[in-house]
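The following blocks contain the structures, represented as structure tokens.
Common to both upcoming complexes is subunit A, partnered first by subunit B, then by subunit C.
Entry: the complex of A and B
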């Protein structure tokens, strides 16, 4: 019987192991390779280093449509580990269609812990809302962003947008707000109200209601905003100045409906959305933040909401 | 809300009694090869077996299949790059030139749905299929099947691809010798821009524009070239597709030990070179403009549209409209990006909507009387 030497060529097994080593730590099969996660984390760090600046990144294709949180999902997947407690909300609801789907995806991939209590979550991915519970030191809020560029409606040319940001030339933005007041008597920007971050970059806070905008100011938590389709990541680190753009004689207005309160928990200091009443008309209201509403009913929610705390902080600063 | 959350598992599950067994990937490849080719082109990924799977799992939705394929690629690390190959190495299974009656290298009609008037075949499926095979076999000359040089039969959807395999010279090089085409631009673009790692915006090198078009949604690209306002008017505005090819290109990588190029496989591509004499205000149309299109698979419409759009990009280069056209190419053609926006319309927006309604009510209250305290005066912060 002839024996063939087997030591001269590396076996297939060895070759596979070598190529694996090239790619860093052993990947969890499924969604995202480790090198890509590292690239996303670098973009997040750049965003934190330059608050409000849009960092371009090589957005990957995710198992959800670009528009269903593919940007937020990439950031969340890059941040969570097995011991992370992850909360995902859409319109404030943990049970929202988009939220459930994304949570299932991440938990299935990483094996991290599902969480609905805002206080207990390490990472909160959200579409269109910031929780009513004030964020704490160490918490990360990941916002899904459909349109990253606050100047998109003002100038179409991307070079010009970049120039305006680079030179902090926001005169056209101010003119737009002024014209709005002249034509309509007030600033009609509804959700996604433009803000100035740390006195430097104009940023869109993603389509959160104006109710949530003051919560970004001087927040204890980190906010990371990620647009998968537009391939940009930006961030607001803790204790950062975030001011909605407005004029001195036109105070910034949040959504409030006098006399309206949540039919479940009775709150009138939370962001409420309309629901059909017994007569079929949209006559009743419920909290959009379902976790906070549930805890209000259980007597387990703080007296002071994130908005009230943020407004108190802003008033304090302006009197100094 | 919770009902919207339920995944449509029953539709894809093969065990559900009312659902027939899913076709096998090889059956899909044989019957729906052009659809699968389109998926691979729009994915920017050559993977016939995976694309067939994706196409079946997406129930024939090209864009969803593209999403599946690109997402699968996201899960894989990138371990290396192949070496550049010259398009002249393309081994054609189809090659036509409408610029010449008999171009150097000849016309190779190959397997195509062109040339024959077609009616919907109402014969039983199997019988109709057999007849179609017979008709196609008698229509074109072909060599012995068994002389196939591709082991493993990686491209079964084109059973006749081995009929003719040769690499005729490009019509473009004939035109260059005749000095009737515009000389190649002097832009050096040796290190191709990678649009999957670096988001492209106007001002990027041509390699980024070509990559974007090669991966574009076929319909969107077709519209940009054919229907959009970018196409200059005028009686002479008509491209000539100088040459259309469909065939195989080798994939080579550098051997990790010897450093020498090694062929590790091949991909099937469509390639089009188009010519046009668009006049610029400042110069005479002495030279024909050249446009180039190439994408994975058998996608002639796409390659023709791409070459046409490439002519437009060259035409506007250096003008004030260049950034606008590049914007449209880079940001409105990717199938997943543009349909992502459509898909997101189906998600709930009520938190945002309440804010919009509040502003509308506040504006209406202001119109009714600026000094009146409206029902929604807002709250000052």
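Entry: the complex of A and C
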């Protein structure tokens, strides 16, 4: 006769202890509890498992208002530890007000290391730019996303948006692009250009400029996009095909102003923005990525920017 | 052991057998006391509405079948059940284009059913707003079904849209105008062009000219007759107007209170209607 090990009902004591374990380490004073971080890491993992799919998550109250980077902040807080080197940028700039405050908040809360050099950072939280320096294996880019739904301006009904994603029924998105060309001669989406991720989900990549869109394609690093207000997290894992939506006979183009170059480092192969002169007019250009610009001037930046590498990849893909 | 003989593909493009749509209790208890002989489609026992019951027909490629009846007779319900806008509660709907007619498309899941609307079944509705996005240009409306089946070349989409629009006689200089700015007749022509974009083998027309004034309706009817002849599409035309049915179809079903009361060749039925209700309809049409 076989005997089976018997299980005793846990005493009340054990049950309490188990619940304790479930809740993780004792809460530390601060802004974010461990269970919430765990839920967000789960959402990030789901997002990585299904590239481009918007994973709903319970967005927590943060010390910044929703719409001011609360989504990115929650992801960053759930990823960093004490030895993490954290870079935070706002439109490419480490010294932006939003970036400085978010960085100070995370560093003060977790005690991780501040970093401005893209190459040295483990986690880069960004508002609307991807650094010019190509991401490396092991790096995580966290993008703050104000509007997660690429179909939002096309159909209002959210059930219908979900159905369209579920069935990969994107004809209305294509009609929108078609209409854009008819009325404007080109596809006018400037930021948050719609992309198709790994041939399956249409995604809007935070409002990064078109310039940065090719950098998502076959990136070495992980990109996590998080919308705190809309309570969605989505991701692009490394080596994922990310194609900007466009017609075969209308190649995707990035912003470019012929003849314009950075006033400081002289680059014309980076994303440059106009700066106001003393007389209030916009006549000169500077790099949007301040870290890259500084290193270009110091002779410490690669010749080939992420853009060219990514574009080369896109061309290779499209010849298949 | 005999080798299985492969079945010859059916001669029909669309076949409907025993189609029923009941709003309310779908059991047999709802049937008693409904139909033309009782003068109602509402079940006295269960209160269910038997909008359509026991409807059979098939349509061959290049053929047009009419369904006629007054408002509430169930003709539009039949069309909507075939189109997939509504789910029939009983019966079989088969398309030659889907597994050579062996699959009851009523059993397909909603997403597979919607995919049929891309290139197997198209519908033209009485109200152009039901089939078109009025805020999008005529060309954009046609681009919708084309991109849905994978067209990704802007130039070729434009070419195909222009070809379809000239076929339905919409002036090409209006191709890039929003459909909202079009007249009723033109909107209906754009809707027809969109329905034909992917060359569907089955076309459903629900009151395609109702709501248009007489001369415009005549133009659209002329166009439809030409299209049905030259495309070889199998068409089902639903109308309350014998004029439309006479012009477009060879065979016709007469529906009343959710049942088919008479069916036959259109010209014969017009000459010699048997059922009292058909006689009434013909008399009304002949004025």
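Note that in this section the second predicted complex is superposed on the first by the 291 of 320 C-alpha atoms of A that agree within 3 Å, B and C clash if a C-alpha of one lies under 4 Å from a C-alpha of the other, contacts with A are read in each partner's own complex, and residues count from 1 in each chain.
Quick note on the criterion: a contact is a pair of C-beta atoms (placed from the backbone, for glycine too) under 8 Å apart; a residue touches a chain by one contact, two chains touch by 3 or more.
Note that the structure is a prediction, hence the values are computed from the model and not measured.
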Quiz item: Counting only touches as set out at the top, which of subunit B and subunit C does A:274 meet: first, second, both, neither?
Solution: first
Practice problem: Considering only the touch criterion stated at the top, classify A:201 as touching first (subunit B), second (subunit C), both, or neither. | Solution: neither
Quiz item: Which holds for A:247: it touches subunit B only (first), subunit C only (second), both, or neither?
Solution: second
Practice problem: Check the residue A:185 against both partner chains and state whether it touches subunit B (first), subunit C (second), both, or neither. | Solution: first
Practice problem: May I ask you to decide whether A:171 touches subunit B, subunit C, both, or neither, giving the answer as first, second, both or neither? | Solution: second
Quiz item: subunit B or subunit C: which reaches more residues on subunit A?
Solution: B
Self-check item: Residue ranges of subunit B in contact with subunit A within the complex
Solution: 1-2, 4-5, 7, 67, 70-71, 73-79, 194, 196-199, 201-203, 323-324, 327, 336-337, 339-344, 347-352, 354-356, 358-360, 362-363, 366-367, 370, 375-381
Quiz item: Where on subunit C is subunit A touching in the complex?
Solution: 111, 114-115, 133, 136-137, 139-141, 143-145, 147-148, 152-155, 157, 176
Self-check item: Of subunit A, residues touching subunit C in the complex
Solution: 166-167, 169-172, 174-175, 178-179, 181-183, 247-250
Self-check item: Contacting residues of subunit A [partner subunit B, same complex]
Solution: 19, 22-24, 27, 29-36, 39, 56-63, 65-68, 70, 90-93, 95-98, 100-101, 127-129, 146, 156-159, 184-186, 188-192, 207-211, 214, 228-232, 244, 251-258, 271-274, 288, 311, 314
